[in-house]
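Order of writing sets the labels: A, B, C and D. Residues in every chain begin at 1.
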Amino acid sequence: MQEKCGVVGIQLSEGDAALPTYYALYALQHRGQEGAGIVTHDGFQQHSKKGLGLVSEVFDEDDVGHLHGLASVGHLRYPTAGEINENSCHPYTVTSKRGSLALAHNGTLVNTDEVRADFEERGHTFSTDSDTEVMVHELASNLVEHGLLEAIDKTMRRIRGAYSLTLMHDDRVVGVRDPLGIRPLCIGKIEDGYIIASESVAVDVLGGELVRDVRPGEVVMLDDDGEGFESYQLFDERPAHCFFEYVYFARPDSTIDERLVYDARREMGRLLYENHGVDTDIVSPVPDSGRAFASGYAEAGGLEYSEALMKNRYVGRTFIMPTQEARETAVRLKLNTMDSNIEGKSVTLVDDSIVRGTTSSQLVKLLRDSGASEVHFRVGSPPIVAPCYLGIDMASRDELMASDKSVEEIRDEIGADSLEYLTPDDIADSLDMPRSEMCTGCVTGSYPVEIEGESCERAETERGEKAGAD
Amino acid sequence: MQEKCGVVGIQLSEGDAALPTYYALYALQHRGQEGAGIVTHDGFQQHSKKGLGLVSEVFDEDDVGHLHGLASVGHLRYPTAGEINENSCHPYTVTSKRGSLALAHNGTLVNTDEVRADFEERGHTFSTDSDTEVMVHELASNLVEHGLLEAIDKTMRRIRGAYSLTLMHDDRVVGVRDPLGIRPLCIGKIEDGYIIASESVAVDVLGGELVRDVRPGEVVMLDDDGEGFESYQLFDERPAHCFFEYVYFARPDSTIDERLVYDARREMGRLLYENHGVDTDIVSPVPDSGRAFASGYAEAGGLEYSEALMKNRYVGRTFIMPTQEARETAVRLKLNTMDSNIEGKSVTLVDDSIVRGTTSSQLVKLLRDSGASEVHFRVGSPPIVAPCYLGIDMASRDELMASDKSVEEIRDEIGADSLEYLTPDDIADSLDMPRSEMCTGCVTGSYPVEIEGESCERAETERGEKAGAD
Amino acid sequence: MQEKCGVVGIQLSEGDAALPTYYALYALQHRGQEGAGIVTHDGFQQHSKKGLGLVSEVFDEDDVGHLHGLASVGHLRYPTAGEINENSCHPYTVTSKRGSLALAHNGTLVNTDEVRADFEERGHTFSTDSDTEVMVHELASNLVEHGLLEAIDKTMRRIRGAYSLTLMHDDRVVGVRDPLGIRPLCIGKIEDGYIIASESVAVDVLGGELVRDVRPGEVVMLDDDGEGFESYQLFDERPAHCFFEYVYFARPDSTIDERLVYDARREMGRLLYENHGVDTDIVSPVPDSGRAFASGYAEAGGLEYSEALMKNRYVGRTFIMPTQEARETAVRLKLNTMDSNIEGKSVTLVDDSIVRGTTSSQLVKLLRDSGASEVHFRVGSPPIVAPCYLGIDMASRDELMASDKSVEEIRDEIGADSLEYLTPDDIADSLDMPRSEMCTGCVTGSYPVEIEGESCERAETERGEKAGAD
Amino acid sequence: MQEKCGVVGIQLSEGDAALPTYYALYALQHRGQEGAGIVTHDGFQQHSKKGLGLVSEVFDEDDVGHLHGLASVGHLRYPTAGEINENSCHPYTVTSKRGSLALAHNGTLVNTDEVRADFEERGHTFSTDSDTEVMVHELASNLVEHGLLEAIDKTMRRIRGAYSLTLMHDDRVVGVRDPLGIRPLCIGKIEDGYIIASESVAVDVLGGELVRDVRPGEVVMLDDDGEGFESYQLFDERPAHCFFEYVYFARPDSTIDERLVYDARREMGRLLYENHGVDTDIVSPVPDSGRAFASGYAEAGGLEYSEALMKNRYVGRTFIMPTQEARETAVRLKLNTMDSNIEGKSVTLVDDSIVRGTTSSQLVKLLRDSGASEVHFRVGSPPIVAPCYLGIDMASRDELMASDKSVEEIRDEIGADSLEYLTPDDIADSLDMPRSEMCTGCVTGSYPVEIEGESCERAETERGEKAGAD
């Protein structure tokens, strides 16, 4: 099971789609840094380039120059544990009776083991353990008997989980968002064509206009003249948007389901002060993730905003760390304290979330070592008590600090004078989104889809659907 | 359609099979320099490492150390035109209902387009345009209903062409040679186990003993205790061994189908003198391919053997060559003349074969420029008049010099004073092999298997078979 | 003439100095990203590793493990135009009659052409056009006749310009700061030894204590038992500290000459509001450089601080940019606007400085395109009117926007509704530093050292000195 | 002390000298595979590119395209032990009072320690421990007071050892061969100019004409119009040519001091048979070094020439070899036996030389294991009893098998039935060169130049000289 986290699809009326796809992936780089790929179609055949690393490392000018065609899909891959090689990079491409397919997938599927077993029973083989490969087999099988839209519809009924897809059937570019709309996906109008992408920043980088989000359960087919798109609303279920996209994952300058992420975070910070404000000398973010939250918090409280911790901009993914006791050095390589702003002062530290809790403990200790008189910790999301099975690689349950500890126990363990979180309802309020339309699996342990061994918040019967295109 | 040219399979009773596989591939490097791969199985799962480049470039000690297991297959890939990436490297691996498969293939299949279409009809997709992938689909499909041996048998009846295979089903290592025995494959006894490999040099490098060649139409299953093997003679047809393996492709120190290649080449050289000897001051090989031929020729004629051309050992695959007129420089970068041995002398140049003829022309010119009074050219094989569809990447028909020219026309074009070839019968004599048991497609245009658009030398009815194991 | 921008010197009583040097360079990475080097001395010989790229790219664990010795110097190199190779990486090392030397240099020298000519007259040759090489020749020449301290003293009297040095004579580590104290240099106590480094963050990362700044004109020799250091105050001139270190170059969490850089920037922001405040809907920094300034500005004015521009964290040094008109894309790849926070609003943008002005123009345009009703621009430093010859690679005079334009002309060109700068006196106030002790060459055109073709603010007679150690 | 082994200098009347220099280095690659460099001069400045690896790895088309200028020197570096980096690559370049210098050096100097100490006494520093750097200091010092020719003359009188140089003073290209002519150096006429190079194959690759060898003690200055050269015979001593160039080091197709190396080797083989012939079933070379010797030997004796050992063409410099006992595998990776040609037969193995003897022992064992009834060993040079201090990296004295063993003892140790060498007089005969004009240091222990701790075959008084130009 592999995390696949940023997708793009572009259809132009003239020129080559590869370069704008490259820029769009560049803008979405935060969604996946492990690998990247672009597949184009020039009307006759596919061209592809995939590789491990950042977008700027995978593609050079030559590569992009060779990716001909008006149609394109692109993909970014999130770093995960396990053996990774160029084979693991997407978009996933195959040829079938009905032509070529290229699929870029953001999300995680939950019932591919059973689907895969069915295929193996019929003599199919699999090259990887990727859930996306199973989806491709399903789609290609459906295509033997059905047209593209119907084949997608059948696939969506067979496959369960979180998926925002951009797919290319020969040179036809299609966007698909799962019936619950778990992961984001949006449509933009760009010069000479249209784009479908995980976040609106991909539209912005091309100087385009955000048209709207792809709706949960909707299939969007870009016209092959680059002049528009057709929409097919195949499902009409109650959505289950991932709130963690707003809290952490998405870029602050993205607008997702009509909410600017940066504003959502500032609003969460404000609510955090309203519900759990404490008087303090300075309010400091945990850089960089807590910045918008801390700024909202300080503003709501009329408190002094001042950075107590400074991040080393150049800390990369790895550095030499030979000895055991070097762990403190590791923290200091990443973050330094502004001693003269901390000494003898009461500091409120604001972050977006606490997952494993290790960093939080270290930060509190850093501040105390620098002479802070009090350290309060405020968190812009609820305690994370359960894993995400739907596309975000958080941690396993026993790694999650809040899975078996009360807030008071956590406060004690990280060594803060006080610790407060937002509630799921606070999050819903901040987003102005009905709580029932949010996926809150990771903070409640109850998921919007059936997952083996986990409880499901939705009755089977709820799953409704709506046929045909609109 | 991709050229795949060297295969290895090893089963040990103890230790890891990866390192001997690595050495065996090293010994077979001449069969493919574009890519290499090793897949092992440790009883629970496969481990694999594949990559582009030479064996020494693809694997480091760490890689080999991580490839655990008593069972292993390895593969070498020949340079070919077209887009190549790590995906193209073999062994080809998949998982299926019946467990994991890894397949290393030397040869080329000729009817995979129709087989592939059948699979696509049933909803199968293909990731590459490799004929091997089609064979894997066939094998895995057969495995759903049948045991391994029967599945292989069915696959061999469905797939047509040249194939020497080493395959691994879970941790079972199997060698398969096509019914005509077109490409070589042999069995060796090594320390703690058995090896199946393209050439006997792979056995030699491990200090092992060559047991025998795998017979045409035979399936050899290595015992999983490394103590022996079982043989299943599934077909009993008249063989069609590729003579070009002896002339050019195989290593001179390999023994193929009981003939030492070096001796075969010296014998061809001797026959060349006997049938077409000419008095001359010196006999010189075209380095390095003509060396054994020239030595046999000189010895048969009691003539002076002296190298008139010297090869630059360091000429790699590429060098900078910016201008048009630099073509002569390109030749001089590769080969230099020994002027004082050439000036005023009659030289007989001996080579193994003439394919495109470009190099031959340049060599004759080089010798004339160095003052040779006469240049005779002798070739240790018949004129190549047609392409090879069965595993050797020679050239397309219109690139083959002899496809539309008489020997006299070729002599004129390369500028030699005389030019003589061996006949197919001479080759058969040199090898002490019935001409009817040789594949002579490239020198006659008539092939031992049906190939669309080409003539077939065999009646359909000739294909016999023999069931069961011996 | 090459920019050389971060230096480290470490002496330990036990263990190897290489790893702490590596961490110190990591913390100073912002001072130079083009190359890095570490040279150690184990009592018998030097060990060195230098290379192009970031610290994390240049050194691996093996490298650091091979750099033995209690004594070490390290260097970071700033990206500059011109041919760069591994030879250009420092520390610069030589052997001489008096043993080995390794020199790491931050700053730029202004009279090396004449010194170099003198050496050439005596038959010396130079391998590079680096001013540091000239300084090494001078130092090594002086060492033939004199002890180390006297040789350094003579060198400081011969060489003119900005230099903070860490040097290693055999295994003796020495820190030197030029008589005017132009570039920063500080001393720290770390576990088992002492460190001399460009900024205090290098001390912090090692969990050490900042002892104090090296004083202008001071030579600090670390004791070879790692237990302390000796100070020799060789000059006693009026200092000329570079204020641009505070405005832009240094890390915000560094303390330089007893001032925390982050606080200095916030103070500059406050002063900017006090002197040039304007009512506005939101105050936004230019990310990331303007953040501390904007936060001070907003706070002083009780205005809403909100980020109007968002930076793409993953924009590296290069990306594909094939066409001319792609310049707008380049800006959008780096920065995106938060449209819903800008539309119809009056925005005050705060940055640290304007050098060429190109970016400023683009940012104002971006905001206007996003619907800002007004755009005010505030700059936390005076207009840059002249080049820096003393260690910061700003631009040549004709590239500097303010070199030939009034503030009103600049405002007009960048398209802002209003534009205000700080004055040099404001800077002096913010830093609580006498203006006469600041180098203001880049904002006044008058420099504290004689530079050919530029005016010097100091009379020759002012140069005083004080002999001996204190 | 570093081995520096192939040099080129080119002066053209038009075009750029870099590309022909690149080809010339390509042709000389056998003289050094560790690093390569080219420095050109365009009349205004030098351009250079140096790096580690083969010529084909160091330079790409871009590099060569940027190396402008009619004048050029190039260098190849031989693999040696010790720390190597790009700094170690030559040509060595400096700037001096009299302009720029670039020096490419083949050979080793023997008195640089004392010369270096003198320079250090005068305050000079050294960046490397290279003897070439000392020579450059000497040359640049002499240039302060003298013209180029006189400066070279003074340098040749001060520096002792083996040196064939190509040097470039600004854009003037000069060739220099030491007074004893130890290493080869020749002059060629090429299209639009002249070349000076270590061996004639560098002239051949450019389609040029060998003009003649540079004479011992001669300085050759290429005219800057590419139309000719001036010769200055500065010394007139009895030469001491290195015979090992003929035996092993030079390319067989090179003509050195008017002898074709291939013919010299064949002649040595013939003499070996005449003096030490033994009846045998087959004569086999040790591939590839013994091939010409074996062919001469077999011919002289009318014996059958047949390769008993086959080399793996693809064995690179490294392969994975984890275990101790793998040493036999290492031999088998490199060489394989032709069993059917060996079994029951008497084999005479012919090689060029025995240095450490390890390989020879392994080869004899390989043949015996393959069933050879007798193994005779013949060596085309005398026993190597002492190290080379003059430019060939053989081994230290205690690694040399013959330094403390008689021929009979060596025969016994390598396990041959008989073993015979040539004598120094045989070598002189083969080369038709007076023995007194050969350097035989490595086979007699007496050297033509004074080397500390070794005996010198020449009286001081013998050193004569001849002033002025001819």
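Everything below uses one rule, namely that a residue touches a chain if its C-beta (ideal position, glycine included) is under 8 Å from a C-beta of that chain, and two chains touch if they have at least 3 such contacts.
Not measured: the values here are computed from a predicted model.
Summarising the inter-chain layout, the chain whose CA centre lies farthest from the centre of chain D is A. As a whole-number value, the distance joining the C-alpha centres of chain C and chain D reads 49 Å.
Annotation: 62 Å between the Cα-based centres of chain B and chain C. Distance from the chain B centre to the chain D centre is 38 Å, each centre being the mean of its Cα atoms.
Touching of two or more other chains is recorded for no residue of chain A.
Applying the touch criterion to all chain pairs gives A-B, A-C, B-D, C-D.
Touching chain A in their complex are the following residues of chain C: 19, 22-23, 26-27, 29-30, 33, 54-56, 59-61, 64-65, 201, 204-207, 251-253, 255, 260, 262-263, 266, 288, 292, 295, 299, 304-307, 310, 312-316, 318-320, 322, 328-329, 332-333, 336-341.
Considering their complex, residues 85-87, 93-97, 101, 117, 120-127, 129, 136-137, 140-144 of chain A touch chain B.
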